[in-house]
Amino acid sequence: MGTLAPIVAVVLAFLTGAVIILFFIRTYTLTDTTFADLKEAAVPIAVIEKIRSLEGKDYSDKAAFEEDIASRMGDKDFQQYGAMISGYALTRENPIRVYHEIFKAALKDRNGWGHVLYRATPLILTGLAVAFAFQCGLFNIGGEGQMVMGGFAITWVGFTFTQLPWFLLIPLCILAGAAAGGLWGSIPGYLKAKRGVHEVVTTIMLNWIAVALTQYLTMAFKPPESWIPHTYKIAKAAQLSRLYVYLNPLGINFSRSNLVNTAIFVAIAAVLITAYLLKRTKLGYEIRAVGFNPAAAECAGINVAKNTVLAMAISGAFAGLAGVNQVMGYKHRFRYGVFEGLGFDGIGVAFIGKNSPWGCVLAALLFGILDHGGLAIDVSTKVPREIVLVLKATILIFVVVSTELTKRLINILQKREEAAA
Amino acid sequence: MIESIFAILASTIRFAVPYTLAGLGGTYSERSGVVNIGLEGMMLSGAFTSVAVTNITGSAWTGLLAAILVGMLLGLIHAAVCVSFKADQIVSGLAIIIFAAGITVFFSWLMFNKTQIKAEGMLRVPFLHELPAFKLLFSQIPPLVFVTAAIVVASHFVIFRTVFGLRLRSVGEHPQAADTLGISVYKMRYSGVIISGALSGMAGAYLSLEHAHYFVKGISGGRGFIGLASMIFGKWTPFGTAGAGLLFGFGEAVKPYLPKIVPSQFIDMIPYILTIFVLTSAIGRATPPAAIGVPYNKE
Amino acid sequence: MGEYAVEMHHVTKQFPLVIANDDVTLLVQKGEIHALVGENGAGKSTLMNILYGLLHPDSGTVTVNENQVQFTGPGDAIACGIGMVHQHFMLIPPLTVAENVVLGQEPSRAGFIDIARANKKVQALSDQYGLKVDPSAKVETLSVGIEQRIEIIKVLYRGAEILILDEPTAVLAPQEVEELFDILRSLRDQGKTIIFITHKLQEVMEISDMVTVMRRGKVVGTVATKDTSRNEIAILMVGRQVLFRVDRGQASPGEVVLQVDDLHALNNRKLPALRGVSFGVSRGEILGIAGVEGNGQTELIEVLTGLRNAEKGDIKLNGTVITNFSPRRVREHGAGHIPEDRHRRGLVLDYTVAQNMVLGIHYRKPFVKKRLLDVINFTPIKEKADRLIHEFDIRPPDQENLAGNLSGGNQQKVIVAREFDQDPKLLIAAQPTRGIDVGSIEFIHHRLIQARDAGKAVLLVSADLEEILSISDRIAVIYEGEIVGILDPEEATEERLGLMMTGGGR
């Protein structure tokens, strides 16, 4: 039942998206078929010929279409036949084709997969951040802030300790990212543990403080000659290679421009670490006990405050690691634009993945598919890529509503059983 | 020098409006017990709707009305999810933000083929705008500012002096007690959330119609969150929220006049730092309505 | 005589595990103060909830002012002039007194609350019945005694002629109790009918006209107060029954294990809950602390186990001072704890039986292996769980079963098994057999006696007098935060205990 809910939510969301696409995406085009239909509908050939010159032209705006037709056939004819012509010329976008395009772009070949994995990598980490905190009963929506703090730390270490060799610098950068994110995450944890302040508000506020802070730091460390708001480049020793470097020689071919890089292993490692921590260590046992029942945990001698702070710190550390992909694996500099929104998407990923580590992976992949596929449909269909945001949001709403929805469905089914009995 | 002071003052007031309206909306919602972080999304939707409708109908007032209605619609969705479906209020608010980000650009492309739309219309007050004195006034301080001020004052009375306000507050502090006295917790919470949508939508309309005269993708730019900060810093009261809005607006207004050593980003941080401070301080701590964030189950 | 304001005839109400009201008949005359008396679980609250429309009786009739009624909810009861003042107040702290009183029936003009009229009405009621309150004060600034008056004004404002008060003095200080009684007398003199639920007998004698005593769901007696005495009521309440006495054999107590001296502590409302508690528990004995719930037992246990701070006083365990130690340290010094609320404090219901078996000692070897992080060692846990499930006959015998799936009795056995297996020097058992089946009760009682015989000190805290009597070697009674007496088994008769538990011991 638990795994059913996200799937149902995704399906419902796609249905909603389909309705939106069907209803709102309208194009007016005069094609051969349109002319044939008009002839059959007894529109005089003379009139049809007047608009023949517009054949093949796509109009997304009904008013512009009608204007052009009217100007070519005169007001009298337009009044008589205009509506009919518009009716026949109207084409709608087929949602199934749109969805097909999205998935095709993402999954049809290795390169597509590569792009999906690249996009999923930071989302796995920011999703883990939310999911891990949730195990302790905490709602960490500060992923965005923890992520940029970690990201900046990674960058700073990367362009400061340039003399170190790669096998020292890379781990150091990763450590810095985790530490900075962890520190930023421990702040709301501490405030909750010691002052009882709800972490939801504090994490939201700290998000924007972090964004502002890192934007300031970006400008402080900006190369003087550059117009773009980004920092110095990190040392080559800190830069992660794209996967094609390793895989192409093995015959697994990725294009050179495919962004998927070794950071994905950090993400996978994080998932494995999370699963291990939660199920097999004392720390995980205590954190989950606090999450399930803080009163019982306290009675059993577990230090609720300490575990709260630790859970938030680990959570923040995960978010901080997102920069490994964005900075070390892609931009090689710090720039907020490269990070924007990934923290918030992480919340969606965690919820859709039911706050479990592997669920996060699946949900992150889904988001990755949608993000990458969205770019494709922008070009190959009339649907703007922002439909992906609409889809994401609708999936989220349906997932969130699913528990009560399922409860009510079960209630209705039970009542029917009782009535029948 | 005097001119600078006036300019800063007028600027402060202009910047304060979206913060105040959004924060006020948040106040209604949270006072009834429902967390609404989706203000940002409602504001963005209002911004787009106001420009789109203004450009299509030629009337800015219609655009404003449409923005308010769209805000209320989003509020209705949030209320349904949080109150009737008793689902997580934070995630719902987040979903609204993402939804608004998507749908505004979506329709922006569909209807206008671009993501940057000039507002072709302004809110003109029928008779007053003809008079030169008012024309000058409105050019510095747009009409919606006065509407906002009126709403702030009215809200104070509504929340603290009317039957509706009393019941709204009771439902946010102790829904069970209110329920035993025959008050419909669900109805009051729906009201609070829908009002928050209306006000956020208005904030967005102001942003696009009177402040920037433009709709641009993402124009709300985090102002919904500053609205949240205003609400918290203002301790969930209309006057407090307005005061906080003015304070944060002042920060915005004064940025260009600051000496080079004070980075503008630090000014940006102030609303959030102040909010954390006021939430954690030992003295005069801001406490939200007691029953906030917890769905009400009528046993 | 006068007519009856309330008549409840042959009312029966059954819940899944218990018959709360068993053919109960209650008659209350107009203009009298009627006390409804009984121990916890006697059925008093259930009966009043039926009268107030919060519950529906399975059978029986309710008649109010000579009209038979069937309430669908409190609204109907209120319309009939019945008002209830609950034990847990339904007041909204940030609002004023007047706002709280008029909420839902606000005097208004064009949507605006007519605060002046509201204040006046509240003031008028206040003056009429001697309920001194300031209408414009915020409730959060007021004492509990005044909060109660507000609740009374609330029901009067809605036209209550019949008032039900549920344990009204439970949260009051002595002077506040006197003030309340003056108010009640004033209300009665002006024609109101009052039913109040209590277990404090001196109050019954002081204020009531009639008393109805309930025990285990049945009415065991209705008398006019002037015709009876505290002793008589105590006997009715507690009952002279053939108690199931466990053959507990003789105890041979040794040196003192737990020594408590002059313990003071506050409750969650920052009011004194423990006012100088002193007692000792020796090796090889079971000390039972009897008392009606709400007299400080919860706070006492929390202080002893490190979950609450003591304001004053000392706790010594085997000579070591452990006052205000953390729960883990208390446990490490040899104390075991069976909490009174097994769902809230005792178990993590979402964890398996095995996981719950090591709760509290999960950090110790051999359950963890010391690596970079403490890693769980599953084999010893599995072995322990298997052993304990077998030894304590926990059903179903599946250690991977979630604790939430077990019956109450088996859940309690998990907790008992866990605590016993740690071989504590002191075992604190709070309400250990509440809400569980008879078989499990027997089992747990046997185990407690076994523990005593093995040389442990056992502190038993229970609201079930029968339990206390059947297994304790010495019996202390707690009343309003003080130990009002410690009795040897021979002196501990039901009457004597009943009296002490209801305030007659001083």
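Think of it as A, B and C in the order they're written, each chain with its own count starting at 1.
What we mean here is this: a contact is a pair of C-beta atoms (placed from the backbone, for glycine too) under 8 Å apart; a residue touches a chain by one contact, two chains touch by 3 or more.
A quick note: this is a predicted structure, and the numbers were derived from the prediction, not measured.
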{"item": "Arrangement of touching chains [line / ring / star / complete / other]", "value": "complete"}
{"item": "Pair of chains whose C-beta contact count is the highest in the structure", "value": "A-B"}
{"item": "Whole-Å separation of chain centres (CA-atom averages), subunit B against subunit C", "value": "47"}
{"item": "Interchain centroid distance [CA atoms averaged], subunit A/subunit C, Å", "value": "52"}
{"item": "Euclidean distance of C-alpha centroids - subunit A vs subunit B, Å", "value": "26"}
{"item": "Subunit B residues touching subunit A - in the complex, by the definition given at the top", "value": "35, 37, 77, 81, 85-88, 90-92, 94-99, 101-103, 105-107, 109-111, 113, 222, 225, 228-229, 232, 263, 265-266, 268-269, 272-273, 275-276, 279-280, 293"}
{"item": "Residues of subunit B touching subunit C in the complex", "value": "157, 161-164, 166-167, 169-170, 173-174, 176-178, 180-183, 290"}
{"item": "Residues of subunit C that touch subunit A when the two form their complex", "value": "305, 307, 326-329, 331, 337, 339, 344-351, 355, 359-360, 362-363, 368, 373-376"}
{"item": "Residues of subunit A touching subunit B in the complex", "value": "24-25, 60-61, 139, 141, 191, 195, 197-198, 200-202, 204-206, 208-209, 212-213, 215-216, 219, 344, 347-348, 351, 384, 386-394, 396-397, 400-401, 403-405"}
{"item": "Subunit B-facing residues of subunit C, complex", "value": "74-75, 90-95, 99, 103-106, 108, 111-113, 115"}
